[in-house]
Amino acid sequence: GHSKARNKTVVFDIDGGKVAQPYNFNNLVPGTTRSNGIHQAVFEPLFILNYETGGIDPWLGESFTSNSSLDVWTLKLKKGIKWSDGEDLDADDVVYTIQMLLDDSTQSLRDAASMQQWVKSVNKQDKHTVVFNLTEPNARFQLDYFSVKIYGGVIIIPEHVWKGQDPFTFKFYDKEKGWPLGSGAYTLKSASETEFIYDRNDNWWGVSQGLPLPAPERLIWAVTATEENRSMLAAKGELDSVMDVTLGAFEAMQARNDNMQAWFSELPFSWLDPCARQLSINTQAEPWDDPAMRWALNYIIDREEIVRVAYEGTTIPSMTLFVHYGGLFPYIDAVVAAGMGMRLNASPHIAQKIIESKGWTKGSDGFYQKGGKTLEFVIKTHEGFIEKRRITDVVVEQFLDAGIKAEHRPIAGATWDNDRYTGNFMGSMDWHSCGSINEPYASLNRFTAKYLKPVGTTSPGGNNYVRWDTAKSKEFTQIVDKMGAMPLNAPGMVDMVVDAYRLWYEELPFIPITQARKLIPFDTTYWTGWPTAENNYNHPATWWQSTHQIIHNLKPAK
Amino acid sequence: MGGLTLQYALRRFGIFLMTVWLASSVIFIIPRLAPGDPIQSMISRMSESAGYVENSEKIVEGFKERFGLNDPMYVQYGRYIGGLVSLDLGVSLAMFPTPVKEIVGRALPWSIGLMSISLVLYFFIGNLFGALLSWKKTPFFAKIAISASMIFTSIPGILCALILIYLFAFNFDIFPFTGSYERGLEPAWTIEFFSSVIYYGTLPALSVVLVTFGFWTIGMRGMMVTVEGEDYMTFGQAKGLKPFYLLYRYQVRNAILPQITALAFTIGTIVAGQILVEAAFAYRGMGSVIVNAIKDVDYTVIQGTSFILILITATSVLILDLIYPLIDPRITFQKN
Amino acid sequence: MSLLTIEHATKIYKVSSGFLGEEKKVRALNDFSIVIPEKPASITTIAGESGSGKTTIANLILGFTSITSGRIKFLGKDLSEMSSEELFNYRKNVQAVFQDPFGVYNPFYKIRHIFDLVIKHFKLVATKSDATKLIEESLGVVGLKGDEVLDKFPHQLSGGQRQRMMMARAYMIKPRIIVADEPVSMVDASLRAGIIDVMLRMRDEDGINFLYITHDLATAYQIGNQIYILYRGDVVQSGDTVDVINNPKHPYVQLLVDSVPPPFYDENWSKPVQMPDEDGNLV
Amino acid sequence: MSNENTSTLSVSDLKVYYDSINGDIKAVDGISFDVKEGECLGIVGESGCGKTTAAYGILRLVQHPGKIVGGQISLHGKPIENLNEESFRKIRATELALIPQGAMNSLNPTMKVGKQITDLIDTHKPGISSSEKISRIEELLGKVGLPNRTINMYPHELSGGMKQRVCIAIGIALNPTLVIADEITSALDVVVQRLVAQTLKQIQKEMGVSMIMIGHDMGLMAQMVDRIAVMYAGKILEISSTEEFFRNPQHEYSKILINATPSIHRR
Amino acid sequence: MLKRKSISNPWLNTPLVCGALVIGLLLSSTLIGNIFWDTELAATRSAPLNLPPYGFENMRKQEGVIEHPLGTTNSGRDMLAVMLVGTPATMSIGLIAAGIGMLIGIILGFTSGFYGGLWDDFVRLMADTTTTIPALAVLIVVQSLFRVEVNTMAAMIALFAWPGPTRYIRAQVLTMRESGYVKMAKLSGAPERDIMFKEMLPNLIPYLAASFIGNTSGAILTAIGLEVLGLGPTRMPTLGVTIFFSLEAAAILRDMWWWWGLPTLTLILIFMGLLMINVGLDEVSNPRLRKASK
């Protein structure tokens, strides 16, 4: 029997088409896929950031603490961790992994560049303790790289397998040898472009430590192609966990399968993704280099209409540039209380006044003109992201109504990135204030002047590619830099955020639009215990490495 | 056989090489016309899921160096053509370090399999319907049915695929939704595996056939009308030949010749059309390879897969040229 | 001075098989010479079996194909050395009537088109009314009326009418010589006589020379002054028409003469004929 | 007119029209004639007067938009115009054979000559052994003066005269009662023309078949046929014996035809 | 001489006229639509979302309203307006692409056939090469890199639509070059340009028309192929774009048949119309069917 009973199996879907490289599990090479189940079920993280509590749950790690000056961090591993081949997973593996990243002179291995930026040296203290000496203080060292803040983090690799391999070409795949090899409760049974099957490893290390084995005997990650297809499979009960779908698709599934559920049991159904959506504006391109003109755009944008039309009500408008997570509420509240909350609805008449005050007049075609030039605004989007395309479609209509000749241009991801990072754009619908989850620094930091690059050269890491470069931005940078050197959520941080935020708010280098939603349906026909707003042990992003938690929480229905 | 000389074969092969070379050069140039590079795209994909990637410019530089993307264009071109000659399609940029040959090699058999089965079907059905449509003795209701069935021609392949999935997989439970063979089966030379492949391939093949056969029907009908007017058809009738014999041995036999030519010339287009259908079924063929490669601006994979398509068309035209005198005795190699 | 001279004309067609192709050579005409005197106007017949090179001669004279070796002279001037102006003038003086009375008409246009073309490009007359007069006059020569034919499409007329209009067109240009390549072979017996008659009248009344190309010895016998008989690109016998036909010397000429069916009930084909074998040798 | 018993084919008042938007084109407009046993009847007339259409009318081969509007046709005195399609098919080539106009295109270009004769035999005389078939075909080719290797040749490998002779071979393959030869020589050059005509005449005499010969070459007609019918605009103007016709043509048109025929014997 | 009645204009046959009517109607639908409908409603957010056509119910049990008789999409586009606007847009892609392809074909086909020589070899090699390039793959790349709107997209498609006409026209020119009327025109002193475009070209008109129609449907299909991949124009709701968004929103499973069904039906209508025109043109250009008028 090649198939296991349906009620012992959990089927997850992988969207985005076939997995192009199914037989390469070298997660250090940037191109490889890891959300094909391998980092959800096999490669375990050290810690998992809990989006609901704002705290950090231990997984392989027991604790990760810093000295008071924030430049020496000590990792303690749990005891008794074993690789699935029975070898110990201990400080040696951690040191080996980090050292390999530090040794990569090309900095092209995943995480190599960030480790080299922050880590001066890494040392084993004892079998379960590793000490990291940082190049400079970093309050977010554990959070950013080892706690699945978003998607995943640094993955510890088995020294006894990797030793002597070329980390660039090693595929970490050999059925005979039992590769790929992880410490998780599952091992890979088979791989192909369209599906990955994992079977439970009953000798999982946790058992010896008194932890229960997860209930599912088999996990499958299957490529399900189109939205239509995916929805039909789910409606038929052939998928237990579906990645982000549209509201309509979810309703259709629910109409045919009573057991479909999502984060909320009613509108907006969705869980909020950490990357809120924003309209970025090139602050060096005329006429949008004028903050007043950017404000005019903001006055035209009707966020409620965007939520209603582009999202069919499945998300909420952004009040600030932050994502609406509990950990950020103190800052959001303070900013709003200071009168800097974004408006829900449009005030086109204010926009009109601003634009006209800048010498633009409406021509016979209904568009503003000045000196023979029409007021144009081109928004580039990533061709593959329907959600952003739909927001843009609505925004374009709003701009057109207000007399701005707006145009939407979805292009290939690589070109889109290149255009933005080199400043070859006017507007872009994206999510690049993304970063803060439980503290405000990460998002603000991305727009500081230290990342500024002239138009034509690439902005580092896509930071401050809007090229915000004014007196106020310098002031903003000073405040944010100060925040960076303080421990997480230190006292006084709220006031600093309000100060910095005011500088940003006045010049508005990008316009927050909506919160990003992820409508993630689960089927409770065979399995219960999926994360929901009520059973909120963590968030439901099943393509993240935090999915280990979900799998361990599943219970057979009946 | 009309004197197939070595000289002719060589000359024909020369043309083949030249077309392949020219077409491959076009394929080399086009992706490089736009800004944006594959490494950046890779980073972009990482940031889609991970929020943002720190120090990505370092990664980009490192990889550009590794892949020689900083070399002058002519060096890259030389390397590319040199690689093609030794059938080395390079290493995927987006899926480093997998060789393109391996990626394509895994997908190609599935595509070719799907293509050949559906090709036989739509070519047969299309021409049969075209012949019946123009034949006097075809019952009227059959002609109506054939004409009606041609509406599929105007439906986009991917939509047709989804409608089929909705009907046969979702509503009637007859065929599977996606995939190429049953979950958990290991590819092997067993009956079980093969029947599974056929079972899973039915809907994809059906989609391709449905949206394609109409073109052949239309073409065949036109050719049949032309041939019907030929003197030899009247003479065949005067010989008192049986109507059906006259139909297939006289009319169809001659009408199908231009269809065969057209088949060779359009094979690449048809395969390209199949891409969308494959994508709809998450089929293991070249379809999703190409679609993904394009999304990631993976030059080498785009070039590699396009090169395969170019080879398929050029080879089929070459084969056609070499065997055409067998199909049409009037053509000799010396005339062109 | 002679009107038209062909000296040792040889034509070899190169049949290439396309791109990078090898070449095959077909010797269509071999060392052909002829002299057509300016006066008196005459009809010179070129006869021979199919593929013997007759049309090749016509094409060479009309400049549709280039000569491989030898020369063609018009009033002493070599055709290949003519300037484009002289060539244009040559065109005016050397016209043609072809075998197929259907193919020479562009089916897209009305009959009038063939006359308009000539008038326009050769600038024969200045005004529209002059043009009409000229056309009517030329049509008159071949026994047709303008309003009967000019506004019809070619397919609406009979083969005989179409062929006579071709004569009228050539006549309108008033050339010195008309190359008539099998002008009657696709026309019915009953209409043939009319066209032959027109040729005779044009020769006798207007002094137009004819190069009459045919495989039909019977008509040649009726009207021709001189005859050249071609066999596989070579002239096998030439001379006065009546002489040649009455005294065939070369075996092929004998065969040709023998093959003409006597159109009378009381005269029979004498003996069965024997075909040349595949290599073209006469048995 | 002729005696019932000895007439192989008798056609009376045959009408074939072509449909057109402006009404019917009366291509054959009520023609009547007989062909006696072993006789050769010539039909002459200008191009487009309806000769081919008449032949097709007799063989029921008129293609759309043409249609047989009326007329009685009997073979050996038995009417055949009411036979159903299948029975009529069976008498084609076995009783009424056609040698088509335009032999250049009358042979299936993708079939070897031998096969084009065999398929005829197979259709009408199934069950003949293949060796017998081959000897029959070789005999036929011999009759029309073609070498045996012609069997394995494709039509495009043959010259016009050879193709015409293959058509003759096909026409006479099943010893038909009546052969209709439609302008079989008009596309050939004089020498070949004569050869083909002689061959046909000889075969007709040997086999004693009746024949209708269509053409417009008066010289050839004079040599070949026993009686001549002159057609003009879909009608038959006169039918008379060849001798009578040349001596004493009844119609103006007939006189033109005769006088317009040049000769190398009188100038 | 037999009196031959000429058949009335062959261009006026039934299929041709019917097809032309259908196509003409669809092409002018925006113009006609503007009279009785507000085609601005085709824009995003101009109507309530997800409404079914009048007289039907959607999955949420909402009833269709007469203000949006053909229903709406999930981004609030009125389907009637979408169809009125999108149909001619889709068709114009086909027409422009086929037109340009045809034009290139005419120029290259005529010159290469007429002059022969190296130029001819070159054109043939180019045509062969272009045929081997997988058009869809190249178009996907170009479109996803540059994202062009309707007209430019049509022009790009045209870059792959010329080898067919070129090859055919070249073959025809080679035959026509030897024809009597071309020789006559030469003998009448006509310049080469006149011979090509005044003597030869008119005779190809029925074929050119038929091939134009065939290429139009081919180009429309190519465009649709790009659009259903999400690579179509943005604001303009062409049929393919509409289908793309419907599939992105699982319209089939949501029973929103009007969303994907109406554009599909229109596509079928377009193709049937073009097919009828083609059959009609066959009657014009097929010598056998035309014999009657000879």
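So that you can tell them apart, the chains are marked A, B, C, D and E in the order they are listed, and the count of residues begins at 1 in each.
To be clear about the criterion, contacts are C-beta pairs under 8 Å (C-beta built on N, C-alpha and C of every residue); 3 or more make two chains touch, one makes a residue touch a chain.
Remember, it's a predicted structure, so these values are computed and weren't measured experimentally.
A.B. asks: Note the shortest touch-path length, in steps, from chain A to chain D.
C.D. replies: 2
A.B. asks: If you take the mean of the Cα atoms for each chain, which one ends up farthest from chain D?
C.D. replies: Comparing chain centres, A lies farthest from chain D.
A.B. asks: Centroid of chain C to centroid of chain D, CA atoms only: how many Å?
C.D. replies: That pair's centroid distance is 33 Å.
A.B. asks: So the centre of each chain is just the mean of its C-alpha atoms; given that, what is the distance between chain B and chain D in Å?
C.D. replies: Roughly 51 Å, centre to centre.
A.B. asks: Can you compute the centre-to-centre distance for chain D and chain E, using the mean CA position of each chain? Integer Å is fine.
C.D. replies: Centre separation, chain D to chain E: 49 Å.
A.B. asks: How many angstrom lie between the CA centroids of chain A and chain C, rounded to a whole number?
C.D. replies: 87
A.B. asks: When you check chain E against every other chain, which residues touch at least two of them?
C.D. replies: Where chain E meets two or more other chains at a single residue, that happens at 1, 4, 6, 125, 144-146, 247, 252-253, 293.
A.B. asks: Out of chain A, which residues touch more than one other chain, so two or more?
C.D. replies: Residues 226, 228, 232, 235, 383-384, 412, 415.
A.B. asks: Mind pulling the chain C residues that touch 2 or more other chains?
C.D. replies: In chain C, residues 18-19, 158 touch at least two other chains, as defined above.
A.B. asks: Which of the residues in chain E end up touching chain B in this complex?
C.D. replies: Going through chain E, the ones touching chain B are 125-126, 128-138, 140-142, 144-146, 217, 221, 224-225, 228-229, 240, 243, 247, 252-253, 260, 264, 267-268, 270-272, 275, 278, 282, 286-289.
A.B. asks: Mind pulling up the chain B residues that touch chain A in the complex?
C.D. replies: 34-38, 40-47, 49-60, 62-63, 65-66, 92-98, 103, 106-107, 158, 162, 165-166, 169-170, 177-180, 182-186, 279-282, 284, 288-289, 291-297
A.B. asks: Going by the contact rule at the top, pick out the chain B residues touching chain E in the complex.
C.D. replies: Residues in contact with chain E: 15, 18-20, 22-23, 26-27, 30-31, 33-34, 36, 150-151, 153-159, 162-163, 166, 170, 218, 222, 225-226, 228-229, 265, 268-269, 271-273, 275-276, 290-291, 294-295, 297, 302, 305-306, 309-310, 313-314, 317.
A.B. asks: Under the touch definition given earlier, write down the residues of chain D that touch chain B in their complex.
C.D. replies: Its residues touching chain B are 56, 59, 61, 63, 89-94, 97-98, 100, 102, 104-111, 119-120, 123-124, 154, 156, 167, 170.
A.B. asks: Tell me, which parts of chain B touch chain D in their complex?
C.D. replies: Its residues touching chain D are 229-232, 234-243, 245, 249-250, 253-254, 257, 327-330.
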